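So, here come the structures, one by one.
In what comes next, chain A is part of two complexes: it sits with chain B in the first one and with chain C in the second one.
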Partner chain A sequence: MKSQRTLAYLLLLPSTLFLLAFFVVPFIQVAWLGLTVEGQPTFQHFQTLSADWKFGPAMKNTFMLVGILVPLQVIFALAMAQMVAKLERARDIILYIWTIPLGVSDLAAGLIWLAILEQTGFLNSFLNAVGLIKGQVNWLQYGNMWALLTAVVLAEIWRSTALMLVILVAGMGLIPKEYAEAAEVFGAGPWKRFFKVTLPLLKPSLQTALILRTILAFEVFGVAAALTGTNLPVLLGETFNWQFNLQDRSVASAYALIVLAISVAFTLVFLRVLRVRSEQRA
Partner chain B sequence: MNPSKASRHLFTAGVVLICAWVLVPIYLVLVNTLSTPAEVTGWPKSFFPSFHLDSLKFFINYAGVLKALGNSLFVAVLTMVMAIVMGAPAGYALARFDFPGKGAFRLLVLMTRAFPLPLLALPLAVFFIRSGLDDTIFALALVHSTLALPFAILVTFSLFSGIPVELEEAAWTLGCNRIQAFWKVVMPLALPGIAASGVFAFVTSWNEVFAAAVLTIENKTLTAFLIQSLDYSPAPLKFAGAAVLVLPALIFLFAVRKYLFSLWGIANR
Partner chain C sequence: MKLNRLAGVVSAVALTVGAFAAGGAQAQSLLFWSTQATPLEEGQKMRDLVLKPFGSPVEFQSMDAGPFNTRIKAELQANKGTIAVIGGLHGEFTVYDKNLVDLSDVAKGLGDVKVNETFAKLGKLGGEQQKYMPWMQATYLMAANKKALEYLPAGADVNALTYDQLIAWGKTLKEKTGGPKIGIPAGPRGLLARFVQGYLYPSFTDSMVTKFRSAEAEKMWGTMKTLWAETNPASTSYNFMQEALLTDEVWVVWDHAARLQEAFNTRPDDFIAFPAPAGPTGRGFMPVIAGIGIPSTAPDQANAKKLIAHLMQPKTQVETLRATGFFPVVDVQIPDDVQPSVKIEAAAIAKQSSAKDAKPGLLPVGLGDQGGQFNKVYTDTFQRILLANHPIREVLDSQGAQLKAILEKTGAPCWAPDKPSTGACPVE
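And then the complex of A and B:
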């Protein structure tokens, strides 16, 4: 027993040390960077960043993106997962195709949708060819906030719904078929079966999918940069700007602290609202 | 047509439509990649490529691209190795042993999910400068490993949990010691799954943008190169870059599609 315990600790040692050094310690450091000046505690960096005119728009845009994106993705991913469950033929190849975007970075997704939405892009070429528009429309015009937002939401739905889909499909695979069958015997229709049987049993997977997606959605960066340049400021884009272009690590760290606080808050909300009792975890 | 047949057609149409929604954008960026630079910036666009390699040649010959490509590959391989070498033993320990602190370790691993990890590149940049690791492939691979390691631990945990401990015990009674039993019995069964979790680690690093852009200046990865040059890089460069970013991930995902749901989906719960 004792040698087993030693072996277990030895096996865990490298990853524990690694996570302490590169996950726990950097957190303390980022708080230190964002909250001190020459060793003295201060809110100065937060004052600097909130005085910048881009802070308000970055905050607003990021929250709007997450608020539009994540609910839509939950609906699409649930619908797609239900379709997967009903597939009779070619299930493997269809699943592969639907999960392809899982391997696409947000930068690449942004560039791909730029090819479609740019002024001389494929959307305009298509609309022009079928006669719906004449000439070119500048969809990604500076100042047209809603158009820019829609472009980023489209690209993100295209790219990252697959992440939710994978988690939900795996979760549905763990639900015994007997439950739905029993509900059917008692006369429950498809919608009732979905809302009264599948959805409650899917709660643990739904919780994970929501936490992962929401946190990743607040990290939106590459998509927005590729599609809008700096015309649609987002939180991580501004963090990058302060760190890389303005060379002010403290203000960048203050931005990072804001994103961190938002992420942790949302995780706690999802853990609380979609509370899973331990016996519900299959 | 009876209603059930109609609804089946509707269902099939929906499935095909979603497939098209995923595939058409990738096809279109490939059309751009396989057309001449003049066609890429031209109007109106053709929906079929002219199969010219000029855009790709322009991309490859653009100053810094080849080096960035090599750096991306190098960081991804290094991340993969670090994630597996540290993660698989931890996954095995979680699957096989009970010990005080197990809960705390799992909590540490799960907690990484609640945080936007690429942001840690900011404080680590300071640390890397102090230790002389700034702007190196290795430093970036360390940050990417914080993203890939928790995954690798959870995936190998669910993998090893699926291999009956009785198989190992049988090997012990037949005269194997613990290490021999592991290599001869467990490893052959676990290897494909471990390779799959390695692929996930590779793709995670290959696709990462923020930390790469913050931490690399001279030794840019492809994502860092593309994002830092967005303002001035010509269109053919962007689209060929996107295609080159996407293709390896497609191939690797195809190779591990079997494990996507069985391991990745479940380990992620």
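And then the complex of A and C:
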């Protein structure tokens, strides 16, 4: 018995060491960098970053992106999961195809969409061919805030909705068929069954999906960088900028801590709002 | 402390190696210590094309600025050296102001070789003695599609434009061709900061730092606003202007010579290069100047001076161009067998640096790792005034305060075109 327990700890050791080395230690280093100057605690780096004129726009843009992106993705992922659940054949193949974009790195996804949306891109060629526009319109200009936002939202939806989809499909698989059948017997239509049966029972998966997706959405970077350059500053883009272009690791760390704080706050909100009572767990 | 010890060890090793080199078989060979031509291939070409014809053996060593400075400093401290000639950027020489041999006699002995006067003067580092001889140059310049030339304002000479004429040109282009045709590299990896630092400010305020928030600067940004109105707004995503030239998105551009050469090499008959425009205080431009000098500890200084004279010969300068892609600093005929970009750009660069109203604004010196922050002040000013429409005065005041903080933190004294300062360069 005892040796079995030791074995369990031994088996856990590698991943624990990995987490310590690559998550906890860097986190402490980042916190130290962001909160000290020559060993003395300070908020100086936060003052520097909030005095920078790009901080406000970066904050606003990131929140707008998340605010538009996550609800849309929830709707899409739910719809897609429903469709997959209804499939009799080729379910796995469809699921595989839908999850392909997940395998694409975010920068690559940004570049794919850039090839479509840029001035000499496919969209303009198409619009030109059907005669809707003359010449080449530059959609992704610094003045077109909404066009820039839309482009990033489109690319992110394409790239990462499947992440939620996979979690939701797994969650739907766990819901016993009997509930829906019973509801049907009592005359509930498809919409009613979805809202009264599926959705409440899906809460645990929805919670996981929302937390994961929201955290990742606050870390939007590659797609925004590829599609908008510096025209649409976002929090992580500014972090990168301070770290590598401006060579100020402390301010970059301060940015990283802000992103962390926001992520933690949202996680707590989701845990609270979508609370699942233990007897409700599927 | 640890660093000091490390530096000590490094210099000790360097000295030992140097002593061996000096005492060994290569006793008479000159050690040419350089931060330029660091890629292996360029270094080899330097040895084969440039230094072999000198006759007497030269050992050419190129490296990054770190080891470059460590050994020079160690030799100066020991007051005994093996390095005969140093080659580096202007900013790398300013550090050794007091430890360089006067090269005035070399300059006088060049006979009918015509050295660019603007650069020769920079080589004096603000004093009387010739501290270094200009060696080679690169810079930023304008390029245009030949189609744009017919829209030039009446009486304007493309080789002697003013900013007002450029604005008028851009306006006509926009009206007659269906869209703005001026482009600047204001993208994330574009060199916009250099445009503001080395072209706008010197042309309008005769300064880069000191008059950052002056009344002249305020007026300059007003002019820049009208120029921006005629500029393609896609500029905020341009990084290398050669790309936008080749897709015909824009016809008139500014960029670094190296970032334009692709356009000239791909379609040499379609594009021209020409000097940057002039403003009220001159034709501001930012030369990237490399020089050659002799440290006071150099052995065999007579032979070292001969090597420098050799490097200044027009023939050698052309070979240096072939080896490094940097342009000559003396009057030369560029031969026909070089790449089209070299031929086209060389002519424009010569015109720009020898223009009567030339106003060189040098690369920042002494900023260390604050170089990125320094550039950010200028790009932020550009973005806030032109893209975000913040009031000019307010932006200049707040960005000026940041500029002041950076200079005080680094203690960097002024560089051209600002007048030399004793302490950190002031922001008035």
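In this text, the second predicted complex is superposed on the first by the 281 of 282 C-alpha atoms of A that agree within 3 Å, B and C clash if a C-alpha of one lies under 4 Å from a C-alpha of the other, contacts with A are read in each partner's own complex, and residues count from 1 in each chain.
Methods note: contacts are C-beta pairs under 8 Å (C-beta built on N, C-alpha and C of every residue); 3 or more make two chains touch, one makes a residue touch a chain.
Given the structure is predicted, the values throughout are model-derived calculations rather than measurements.
K.L.:
Can A:Ala129 be said to touch chain B (first), chain C (second), both, or neither?
P.N.:
Only chain B; A:Ala129 stays clear of chain C.
K.L.:
Answer with first, second, both or neither: which of chain B and chain C does A:Thr120 touch in the superposed model?
P.N.:
After superposing on A, A:Thr120 lies in contact with both chain B and chain C.
K.L.:
Between chain B and chain C, whom does A:Asn138 touch in the aligned arrangement: first, second, both, or neither?
P.N.:
Only chain C is touched by A:Asn138; chain B is not.
K.L.:
Look at A:Ser15 in the shared chain and tell me whether it touches chain B only, chain C only, both, or neither; answer first, second, both or neither.
P.N.:
Once the two structures are laid over each other on A, A:Ser15 reaches chain B alone.
K.L.:
Give the label of whichever partner, chain B or chain C, reaches more residues of chain A.
P.N.:
Counted on chain A, the partner with more touching residues turns out to be B.
K.L.:
Considering only touches as defined above, state whether A:Gln243 meets chain B (first), chain C (second), both or neither.
P.N.:
First partner only.
K.L.:
Classify the contacts of A:Met59 with the two partner chains as first (chain B alone), second (chain C alone), both, or neither.
P.N.:
neither
K.L.:
For A:Gly229, select first, second, both or neither according to whether it touches chain B, chain C, the two together, or no partner.
P.N.:
both
K.L.:
Name the residues of chain A shared by its contacts with chain B and its contacts with chain C.
P.N.:
120, 225, 229
K.L.:
Can you name the residues of chain B that touch chain A in the complex?
P.N.:
Against chain A, chain B makes touches at 11, 14-15, 18-19, 21-23, 25-26, 28-29, 31-32, 41-47, 82, 85-87, 89-90, 92-93, 96-97, 99, 101-102, 105, 108-109, 112-120, 122-127, 142-143, 145-146, 149-150, 153, 178, 203, 206-210, 213-214, 223, 226-228, 230-231, 235, 238-239, 241-242, 245-246, 249-250, 252-254, 257, 260-262, 264-266, 268-269.
K.L.:
Okay, in this complex, where on chain A does chain B touch?
P.N.:
Touching chain B: residues 4-5, 7-9, 11-12, 14-16, 18-19, 22-24, 26-27, 29-30, 32-33, 80, 83, 86-87, 92, 94-108, 111-116, 118, 120-122, 124-126, 128-129, 136, 158, 166-167, 169-171, 173-174, 204-205, 208, 211-212, 215-216, 218-219, 221-222, 225-226, 229, 236, 239-240, 243-244, 249, 252-253, 256, 259-260, 263-264, 267, 281 of chain A.
K.L.:
Okay, in this complex, where on chain A does chain C touch?
P.N.:
Residue list for chain A touching chain C: 52-54, 119-120, 135, 138, 140-143, 225, 229-231, 245-248.
K.L.:
Considering the complex alone, what residue numbers of chain C touch chain A?
P.N.:
The touching residues are 178-179, 187-188, 233-234, 236-237, 247, 249, 369-373, 376, 380, 383-384, 387-388, 390.
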